[in-house]
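This report concerns only the one structure given below.
We call the chains A, B and C, going by the order they appear; numbering starts again at 1 in every chain.
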Amino acid sequence: MILIDFRKKLKTFDMDVSLRLGREITVLTGPNGSGKSTLLRVVAGLVKPDSGVIAVNGVTYFDEKTNLPPEERKTGYIPHGNSLFPWLTVEENVLFGLTKALALQEEQWIQELYSKLDMAHLKKRYPGTLSGGEAQKALLGRALVRRPKILLLDEPLSAVDMAARPRIRLFIKEVQKDWGIPVIMVTHDQAEAHTMGDRAFELFEGAIAAVAKRGRIIKLPMVSY
Amino acid sequence: MKLLASVICASFLLASGGVAWGKDKTIGIAVSSNALEPAKEISLLFEKSSGVSISISSGSSGKLYAQIRQGAPFQVFLAADDTYTAMLETEGLIAADGRFKYAKGKLVIWRKTQNKHAPLKDLSFLKDPAIKRIAIANPDTAPYGRAAIEALKKSGIFDEIKGKLVYGESVAQAFGFAATGNADVSMVPLSVVYRKHGEYSVVRDDYYSPIVQEAVLLKNASQEAKEFFEFLKTNEAADVFKKYGYLKP
Amino acid sequence: MDWQPFYISFKLALVATFFLVLLALPVAYALAFRNFRGKPLAEAFFALPIVLPPTVLGFFVLVAAGNLSPVGRWYHEIFGTTLAFSFEGLVVASVLYSFPFAVQPMQNAFENVDKNLIDAARTLGCSEWRNFLGVILPAGRRGVVTGAMLSFAHTVGEFGVVLMVGGSIPGETKVASIAIYEKVEMVQYKEAAIMAAALLAFSFVALSFVYYINKKTSVPSATFVK
């Protein structure tokens, strides 16, 4: 159970969001600057709301008394664009979030991720030499290696070439299904919202403008943008 | 580009204007640091009687010499000794009859605070471990620095205290080191410590070879500069030098 | 020809650069990432040595180091010697004098580190300290190298401050620029020219070396290959 209920004053509008999500894939759509990315960053702990409650699986991330720093939240946040550390290899990137001891302990899990993502051959490569799809795999691997309680993806497919997209989509679905990790992803792509989302929300100027359940997502009353 | 050109033109105009202005009304003179104070007083006297204004640049003799050789617009040069003036003469940079001895300097040892250490009687008190730093002008470039080294050697304490020596770029800086409390004492000409707080004692004059200070009239000198140069030879000017502790050469 | 002043200059630049990098890193980090009241004042303060003539800075140091100032007396009490006219004094003066040249490239580089990298690292469990060592420092290392390089170059080229506080003690505070100045004053123009040429050549070689290293350590940009 994920509770995202907060208010936050922004420059051009005030955000006021109240969501209850299950272990499913939630898609956020909406025009540029409607607050989609901010929502993800609030959950990750990178933006502090003015008031409200953020809780994931019974762990309170934020309320009047608590404000867990991002490093203690166990979220798998993948910001928009390429956030791989360019001076590290893919393998070093993937292991970045683990201590040496933890990396040894999680050896099996790491191998599972490599094979599931089909990226074992990328280990020694540097991010500058990867295609968009390969980079996205590495980013997912780096976020998942820490066994996050929630995966927060900001336009994960925008830089991935068309041919590679289905595979990444499938993988994200499997993450949710096989490992039970809830996913919140931001997208501009209606088709993607349709194929991926169990539920979809459309944001407009910081508030939920429309909601859709599985199968009816395509009928979202999209604001033109 | 146009802007750049006009800026360059303007600066040339300013520069040439400055030089022309200097030739008409103002005499530029170069004065060795040790003689700055008396030179200022003499200039005032001259300005009052002649109506010509004088602009003084001071520094170490070596630096002023280098500047003169590179064409600095000085017309009279009051040096700290007679070596630089002799060099200027051999290089043909001074006017006919343009060289004379204006003073003989006195070396003193000075400190800011009184009655704190041993009395300033002779130089042997410098051996006192309470005295950590002795400031003198750079002996390679300043005649008074050279004289200080000579006096320290003659008094037989040089080897013991040479680790305490620090070197100012000029006598003025050597004095400054002691005045700011970074050095305990400084060895400088009497003229520098004249009217300054602190205490001094004169170093025996048989401890160092006499420092005969020469003035020269440079080749480009104007009529006014010649008059000033002659004024330096008058009793009026000599009295000022005497007041600041210089001897007659 | 006495080459000791070159050795002193080199040693001074090396030691000063070490301390400059050590002190400038936290300051640059704070200026880049922290918002606090009076930050513009702090930035202006740290930039002061760019504007102040070296002689003014040297004069401040000289007065502060003298036994008339509390700082000077305190130093004397602890170390039993004066700060002026010592190699240590030159290091202190050089650190003050070159501080903005170390801080500003670092601050710039830190400010330009891709925020996504910092955010990603924080959600990957990095404390602020690990974030600094593991992300900001490697991502901004060109700025750090540039800051160190400018510190080194600026210290080799230092003159006014050393002239004010050094006391030209051979083997201790007589650096190359001072030695050249004295040669000119001694009318030994030939020696002055040789030493000046040597300083020029040394500076050029040192700078080329650093630019070469800087180029080698640069990383291909992190954009996607489409």
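We take it that a contact is a pair of C-beta atoms (placed from the backbone, for glycine too) under 8 Å apart; a residue touches a chain by one contact, two chains touch by 3 or more.
Since the structure is predicted, the reported quantities are computational estimates derived from the model, not experimental observations.
*Asks:* Please find the path from subunit A to subunit C through touching chains that uses the fewest steps, and give that number.
*Replies:* 1
*Asks:* Write down the pair of chains with the top C-beta contact pair count.
*Replies:* Answer by contact count: the chains A-C.
*Asks:* Rounded to a whole Å, what is the gap between the Cα centroids of subunit A and subunit C?
*Replies:* 43
*Asks:* Counting only Cα atoms for the centres, state how far subunit B is from subunit C in Å.
*Replies:* Distance between chain centres, rounded to whole Å: 35 Å.
*Asks:* Distance between subunit A and subunit B based on Cα centroids, please, to the nearest Å.
*Replies:* 77
*Asks:* Tell me, which parts of subunit A touch subunit C in their complex?
*Replies:* Interface residues on subunit A, with respect to subunit C: 41, 44-46, 69-73, 75-87, 96-97, 126-132, 135, 142-143, 146, 159, 161.
*Asks:* Okay, in this complex, where on subunit C does subunit B touch?
*Replies:* 62-63, 65-69, 72, 81-82, 84-85, 163-165, 167-169, 181-182, 184-187
*Asks:* Where on subunit C is subunit A touching in the complex?
*Replies:* 114, 116-117, 119-127, 134-135, 138-139, 219-226
*Asks:* Okay, in this complex, where on subunit B does subunit C touch?
*Replies:* 60, 62-63, 65-66, 84, 87, 132-133, 135, 138, 140-141, 165-169, 173, 176-177, 180-183
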